[in-house]
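Take a look at the structures below.
Next come two complexes built around chain A: one with chain B, the other with chain C.
Moving on to the complex of A and B:
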């Protein structure tokens, strides 16, 4: 009879939540568990079957009109997307319930084992005391965790699921039409079907080129400006800094919309000035190539101040004596830059640099406000020559209601950003040699 | 030992909460069982109600009365707010139904309705361009115009009824037609051009790119304004009066012929399509640097103020000898299928699109009526500007309202700049666009 209590408590708790605790004479806790199970059972008996039905079928009856005395009446059917969300919520709750059940069994088992070992099980008061004393942090993280689960994780799961349906205009828009699971069909269309894949690969290529160029140009530009301003012997440093920070102070939206007019190929001031000097001007926003150049140049204007601020901060942390030592050894300014400044700056800002890169992949504002993806491209589906994946995604959802395609694109953007970031983070020196700078 | 006990408790508590929260939600039409779903239909009250005290609802509206305690929400465009406020006030006075107005651009209303309608958060009456009708009707977001069907058909132009119908069923309550015509500056153009060859000839004498003076300007990258070049010689968007999605007519011989006329005009407007936008065009026309402008009634008030008596307006010049056919858009009211008060909503839509309402709209905002009697009214007939639009409207085709219309804009608006900016052969560009539309119509969403 050594293990008698352990086994009995475990079996009882498995049968019905709380029975094991009651058997262990922890009555209050046991009753709380009992009530939880009772309530949960009534909830799941009503909901769970429908949840599984819903997530498998996504609804079976579609909405229609019925004529009553010549007047049309709407007869509601299943709204596939609502069903999907509700089923998802129910199933998540069910998983939480299973987790609770597992912990209830474990608790009963442990208390049983304690009794077998000759201890008296703790009273309810003691249990509370124990939690408050030793498990305070975990306890109060429960609510935020549930919040994150419902408001962050659940929507993400939902979006991912959409990519595997045919939820799109015009033929599969609830409530009039039902939505079905189509497996990898959407991804197949996106990657293989010519009309979509041409757009996808074109936009993807430009997105990556854009992310690299825009990150590199703003970073190097910022570094150049920062070094110029913080050089010894430069006067009115405060003034220079103030002037250079102005673009950062203007809301991006305003400056970009302004730029859009500045760069107008016929009526914009830039080309008008060029004309004064006898130059023809450029088709800044109407030619695919020059439009790409323009967005990168404008992005430099917006982005350099940020890098400048960052790098100026880093420059002040470089110890002066390193430069003095280099001078004693006869290094010229380029050598000083290459051996001291660049590595120190890169080292401290690498994580930010990667974050900027990932951010530029999704730099919606720069493109959408400046060119709105234009100039139009006859070979693309719902995208223009300067569209990034993220602006294309915007057009797919808000203008065209191709939600399934948009989710698929969204998943791919996520994979790209996540893998770049992970790969780079792991290779960055700041993470490998955390002790390089004290 | 008693680890995670509170975690269990909290999890349990949240579950208990959700039981109560979701329990009450149980009957909200998600039951799948067709019986309970049917009882949840919001339009039960559609049955002729309130036959007791038919006060003074007037002969034509005697068929239905607003539900007790009905209040309406209406989405309206910001630009036409003056009219909306006035008509809502009159409606409230007559039927004692409060009307709440929310500003929302008509082009965004169907998208918003498709999100908010099924959750019963949408407006009861919406105002949409008719080319969005197919998308809304095929998604079953709208109640058909059944109570006032006969009257609406009897009172409005045939084109307006075509525009307000989808799949053989009348949904809309048309209230205005919108198309474009040729504005010109009388101090620069002595005689209104009759053909686009006239326009070309005049432009050659007037256009001077270095001084930013142009004989004519319009949004050359926008299919809406370029449609005369496609349609006047026999091109079309969709066959069978814009209902056959498999018959695409943007690359027929007629369309290509018209588009080569279009391409010729680059000589007098040597600018890339992307550099022309309404703001720039408006500024140049007002300052006399652009002599002619193809645009719609929405510019009328501003142009009148800037040019005064020098403003002329005439139907579009002929394309290749054929009468120019413009694209017409109808602004139509429609009733949300999920409205709580279908009767009140239908009454409002009818009331706000009546003859009197259309005349008021013309007076306050400057629109062109679709109501036949309103079109004959001196207020319209004697106004040279409105009558010019009304004249052009006679030679216009309603935009196709089938849902596939959404697939047309983007490819054609990409092809037109290729023709204009890069001088691509119209046939090549339009063939590609037509192929894309076909792909989109039959593509992945099938």
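Moving on to the complex of A and C:
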């Protein structure tokens, strides 16, 4: 008789959610679980079979004409993509249901065990208190998790799935045509097939060059400006800082669209001014090389203020006596910079630096709003000379409807960026030794 | 004057000169767009930087030109940005409070997960979100945009906010707990009031983000009178290349000035926010 309640409650809850709780005399909780299971069952009986069918086949009837009494009539086929997304939603709900079911069994088992040990099961009020006192963090996280699940995780799973299909124009676009699973075919084309791989490696190389150059230029530029402003003897530090921060405060969308017009080769003011001085204008945005130079320069204009703010903050934390000690030892300004300032600043900002690098790989705005990836490149598939992987992905998606290829590119970007950030984050103190702050 | 003093004067002089040049470079585009918005005509280029005559016609056009709908866009954006700010800040506070104050089994996984998911290129999920919204019949609604922005907020903000919450001493929570406060009471009456700088920072970034975003806005909002300012402005220079430039400039001024004022007031907070995410030394 010793473990009688535990086993009975477990079995009952396994059979039907809530039965175990009712058996344990937790009626309100039990009924809530009962209702949840009843509603879920009606939903899944209708949907689950079709969901599995859909995710395996992606639809079987293609759109076609059928002769009905001598008149050709359009028969609507399966829309593979809608089938895929509906199936995905149903399966995610089903997994959530399984999770709830598991928790219901665990709960019944625990209460049963408590009864076996001679305790009376808690009332509904006590259950609520328990959740608020001991499971508070998890309760707090439910609402954000639902949002993230729906608008981030679900889309990610969906996109990863797309990379393994042939969903692309012109041959596999629903509703006219069906989409099929093709395994790693898309990745193979991207990495090996010459027509795609040439573009991929070209764009990838430029993306990395861009990420390095744009990070380094804004960082060094920011350091230079910060040191210039905070050196001894400069007056009105606040005013200089306020002026130099202006580019950061203008919305990027505005400043980049504006820069595109300023650098316009034909009627852009910059070339017009050069002409006034008798110089020929430069093909800022139309020549592949100069376009790359222009995006780096404009990005410096946008990015230096942020680095400047950051580094100014660090500079104030370096103790003055370190410099004084160095002066006593006869160090000149350059030596003081190299031995004290640079290491201190680098040490404090290293995580930010890596984060900026990762961010620049994904810097959609800087390229899209300024050059839109142009000038065009004849050797590339749907990409221009300044396109980053992300903007290429955008073009593949919105302009070319090569969804499978875009998803594959996206997965690759994600792997690069995420590994950087995770590595970076796991090394920071706020992750490792956070309890030491207290 | 001794040699040291001469060297010092030269150094300072050169520094001031450099700062002056940098300041011109920093301010030039801003001044240029401001002056363009006041210049008569539609052209991008003028021989003189300062226009010979000033006009407010472009600002007037923004509000009265029936093809522009600028006031509608502006109100739409205000609504979307405010709602997603409120919701987004709320969600971010929930997650950051949970991971900062409670020790539960999946805590580190939650944090790494948030970080990694935040790295995902947004447009990659674009098609999926588009289809999802279509499925729920939410396309071309402001509601959809608010949901997308707010749901994404904890991804970007949690770790920064957590860094801030970690600096609030635990002893305060414990004192409140001894006084009988519940978890929710502590959150509401101890944590929230003390995190005001953090909340301001989050609110600002959550407000400005939707205010200037056009990628999602352009995808989801289909009819012109539902557009946000960003979509409208982008359309203004993208479809009618250069014909509308001075009006664009006027719109840019109207959008930028409030944001610049906000930034000026919150400069110190911004620096703290920028550095809070990274751990110091």
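Just so we're on the same page, the second predicted complex is superposed on the first by the 348 of 438 C-alpha atoms of A that agree within 3 Å, B and C clash if a C-alpha of one lies under 4 Å from a C-alpha of the other, contacts with A are read in each partner's own complex, and residues count from 1 in each chain.
Here is the rule we use: a residue touches a chain if its C-beta (ideal position, glycine included) is under 8 Å from a C-beta of that chain, and two chains touch if they have at least 3 such contacts.
Here the structure is a predicted model, which means the values were calculated and not measured.
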Applying the touch criterion given at the start, work out whether A:69 contacts chain B, chain C, both or neither, answering first, second, both or neither. first
Touching A:213 in the superposition: chain B (first), chain C (second), both, neither? neither
First, second, both or neither for A:43, with chain B first and chain C second: first
Touching partner for A:251 - first (chain B), second (chain C), both, neither: second
Given the touch rule stated above, what does A:144 touch, chain B (first), chain C (second), both, or neither? second
Once the shared chain is lined up, is A:114 touching chain B (first), chain C (second), both, or neither of them? first
Considering only the touch criterion stated at the top, classify A:166 as touching first (chain B), second (chain C), both, or neither. first
Please work out whether A:86 is in contact with chain B alone, chain C alone, both, or neither, and reply first, second, both or neither. both
For A:267, decide between first (touching chain B), second (touching chain C), both and neither. both
Chain A residues where the chain B and chain C footprints coincide 82, 86, 138, 143, 264, 267-268
Listed in rising order, chain A residues that touch chain C in their complex are 81-82, 85-86, 89, 132-133, 136-138, 140-141, 143-144, 147-148, 150-156, 158-159, 162, 225, 228-229, 231, 233-234, 240, 242-255, 257-259, 261-262, 264, 267-269, 272, 301, 305-306, 309-310, 312-314, 317, 347-349, 351-352, 355, 358, 362, 364, 390, 393-394, 397, 403, 406-407, 410, 413-414, 417-418, 421-422, 425-426, 428-431, 434, 437-438
Note which residues of chain C are touching chain A in the complex, please. 8, 12, 15-16, 18-19, 22-23, 25-27, 29-30, 32-33, 43-45, 91-92, 94-95, 97-99, 101-102, 104, 107-108, 110-112, 115-117, 119-121, 123-129, 131-132, 135, 147-148, 150-152, 154-155, 159, 162-163, 166-167, 169-170, 182-184, 208, 211-212, 214-215, 230, 233-234, 237, 242, 245, 248, 252, 255-256, 259-260, 263-264, 267, 270-271, 274-275, 277-281
Listed in rising order, the residues of chain B that touch chain A in the complex are 1-12, 14-16, 18-19, 22-23, 26, 29-30, 32, 34, 37-38, 40-44, 46-48, 111, 114, 118, 134-135, 138-141, 143-144, 146-147, 209-210, 212, 221, 271-276, 280, 337-338, 403-404, 406, 410-411, 413-415, 417-418, 421, 429, 432-433, 436, 439-440, 443-446
Of chain A, residues touching chain B in the complex: 29, 32-33, 35-36, 39-40, 42-43, 46-47, 50, 53-54, 59-61, 63-65, 68-79, 82-83, 86, 93, 96-97, 99-100, 103-104, 107, 110-111, 114, 122, 126-128, 130-131, 135, 138-139, 142-143, 146, 166, 168-177, 185-186, 189, 193, 195-196, 264-268, 275, 283, 285-287, 374-382, 384, 398, 400-402, 404-405
